[in-house]
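We just call them A, B and C in the order they show up, numbering each chain from 1.
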Amino acid sequence: MPTFFEEKQLVTPGELLAEGDYQAGENTYSEGGKIFAARIGLVDCENKKVNVVALRAFYTPKPGDIVIGSVIEVGFNGWTVDIKAPYSALLRASDVLNRPFKPQNDELSQVLDTGDLIVAKIASYDRAHDPQLTVGEPGLGKITRGQIMRVTPTKIPRVIGRKGSMISMIKQETGCQIILGLNGVVLVTGKNLADEELAMAAIQKIEDESHTTGLTDRITQLLKEEKAKREENKN
Amino acid sequence: MSTLITKVRQKQLSQLIEKGKRIDGRGLTDFREFKIEEGLIERAEGSARLLLGKTDVLVGVKIETGEPFPDTPNEGVLTVNAELVPLASASFEPGPPDESSIELARIVDRGIRESKAIDNEKLCIEAGKKVFVVFVDVYVLNHDGNLIDASALAAVAALINTKMPNYEIKDGEVIIKQGYTPLPLKSRPITITVGKLGDKLLLDAGLEEEQVMDARISLAINEEGNICAVQKGGSGYFTPQQIIEASKLAQEKAVELRKKLKW
Amino acid sequence: MIDKQEKLIDKKGIRLDGRKADELRPLKLEVGVLPNADGSAYIEHGKNKILVGVFGPREMHPKHLSRPDRMVLRCRYHMAPFSVQERKSPAPSRREVELSKVIREALEPALFLEMYPRTGIDIFVEILQADGGTRCASITAAALALADSGIPMRDLVVACAAGKVDDTVVLDLYDAEDKLGVADVPVAYMPNLNAVTLLQMDGILTHAEFEKAVNMAIDGCKKIYALQKEALKTKYMHIKEETQEEVEE
């Protein structure tokens, strides 16, 4: 039952990772009792499950995911939303209006127009149907202010950190509200642009160095240094 | 080139093939019955119609004069075109040739060209200026699978049937005279397509079988049993061993067909 | 033009461009070269210079081309007008249509097409300069561009031709050998699955020569595969190195 990799080894699609008594985890596939990598990434193995932490991947919708998207089309009874995935998502008018939609009374583009950004939850998605969104929960809906940035979707868990430690630390240090769309789109809302930029710089650093350890310490350091610099400038 | 078949039917077909059997009772390497009718288009210099099972292909050959290619000034020119005529299948649409018909034409073309079937130098009228151009037009009239082998066979049959006009040159002009001579041929290639499903290879796939096949390889084989052109098609793959197996299979079948055709 | 009578291989078995029979031309591979594409790659294979860009998986336009049960792969192989000796019309030729099809079919077995139904991936291949064997070099680069786009793959696809020049079976024919040689056998291959995904041939070969050419091309593919993996890893190598530093600390 051999494996053919070292922990955190960089692998390319098609590389043989393990044979026999192992399970094919994320970004791998098994064929004829062998497990191969399906994406470029760093390989790890936990409880006999072989995973590849992908360095290149796009977002695949999952019901329950919070995503951030932009309205690209106003339709007859709802909106088409680009969620940076292979499929665009649908948001029904009735979901937003919270009542049956009447075409003669409701001008949808006055509620949400093309170019508007929304925070939404994936309500449903399967192989045969495009993802459907809902905004009927607190914290969801149209975005009116703040900054948007994109990170590789596979790196969102790193931005969150263990039990949310990383993201709450950034929120605390910068005083910003941060919404992490699992589709890799991030909304940062602060009291001023400088705070927002600081939070974004921290997230960018996580994107760039997501694979390294000791990252939390370095991010804390970055935030402290930047804040100290700003204090100096004030004086 | 496909019409949708149900999953149940797909399963039936592939399960049979895996057992080495086929839906119409043939063995995996058996061809369907075929029949060639020659010279049925009087306006064409050559023609042949081939029925392979229900697959029906008509090939017409027209000969005109034209300019040679600059890099082959003393050779005639061969042009092969294939039309998947809309009346032959619900999946054929009118319009300019799509990739399926272009691929088909190019496989037929390569089989004739690479085997040097036509004695091109005998088609030269005046080096660098005037040569005979051989237009081979493949017309698919009914699609029931294996268009490649059917079209290639019909094309060669039409070339065998082709008569060149007699001519003389007067003051640099080509004057067509009475009578004809046969188109000078040096080889009669036979193209055999080998289909693959899992670890099974099969010949002369029917329309439905083509839809369950992983991939195919077409090989043009000449009189000496040499390979003159190869083309793999389809979204699946072959192992290197299967390729060698397929090429042997094609060679054996070519010998058998050659006997039958008296080519 | 090289005189047809001239030998393409000398008495010592050396080819006109100085290579031995089983020697590849120099190769250069680069990943992630186009900022706007989802994945991209550049290849120099001999004097071939080829750019490949990949977009998707994304919604298919026009929509009726999409398939309810699988992703659709589209490929356009296109030669720049200045890529060959005599200007090539930019309109797609029959050769380009056919090559687009066989390149697509060479890449399809590497993808899990059933994974993203109703979507499409577009592969755009631009031949900037041609020197014989462009379809093979295009496949090698397109596989890298696909991997760079983040689409899951069974294996990289790598391609190389072998053929017959004078009386010798040789690897990786360049332009003059391609035009004046006896036969050319391009092969695309997935090394980890031992799967041949493209095979063509023109010319005349005996069965034994054909077998030898296929095997020689596969050996060539395996050599290029190593370069292909290296090119893909190079783009991310800094990450690997940083990771190791971390582990050592």
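The criterion applied here is as follows: a residue touches a chain if its C-beta (ideal position, glycine included) is under 8 Å from a C-beta of that chain, and two chains touch if they have at least 3 such contacts.
The structure presented is a predicted model; accordingly, all values stated were derived computationally and were not measured.
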Exercise. If you connect every pair of chains that touch, what shape comes out? Choose line, ring, star, complete or other.
Key: line
Quiz prompt | Most central chain, judged by mean C-alpha position against the global CA mean | solution = C
Exercise. Compute the centre of every chain as the mean of its C-alpha atoms, then state which one is farthest from the centre of subunit B.
Key: A
Exercise. Please compute the C-alpha centroid of subunit B, do the same for subunit C, then give the distance between them in whole Å.
Key: 27
Practice problem: Please compute the C-alpha centroid of subunit A, do the same for subunit C, then give the distance between them in whole Å. | Solution: 34
Quiz item: When the C-alpha atoms of subunit A and subunit B are each averaged to a single point, how far apart are the two points in Å?
Solution: 54
Exercise. Quick one: which residues in subunit C touch 2 or more of the other chains?
Key: 190, 193
Quiz prompt | Interface hub residues of subunit B, defined as touching at least two other chains | solution = none
Practice problem: For subunit A, jot down the residues that touch at least 2 other chains. | Solution: none
Quiz item: In the complex of these two chains, what residues of subunit C are touching subunit A?
Solution: 38-39, 56-59, 68, 110, 112, 116-119, 147-150, 152-156, 190-193, 229, 232-233, 236-237, 239-240, 242-244, 246-247, 249
Quiz item: Taking the complex as given, what residues does subunit B use to touch subunit C?
Solution: 71, 97, 99, 102-103, 105-106, 110, 113-116, 215, 217, 222, 224-240, 243-244, 247-248, 251
Quiz prompt | Contact footprint of subunit B on subunit C as seen in their complex | solution = 1, 94-95, 97-98, 100-102, 105, 108-109, 113, 185, 190, 193-207, 210-211, 214-215, 218
Self-check item: Of all residues in subunit A, those that touch subunit C in their complex
Solution: 8-10, 12-16, 27, 29, 31, 36, 38-40, 42, 54-58, 60, 86-88, 127-128, 130, 209, 211-214
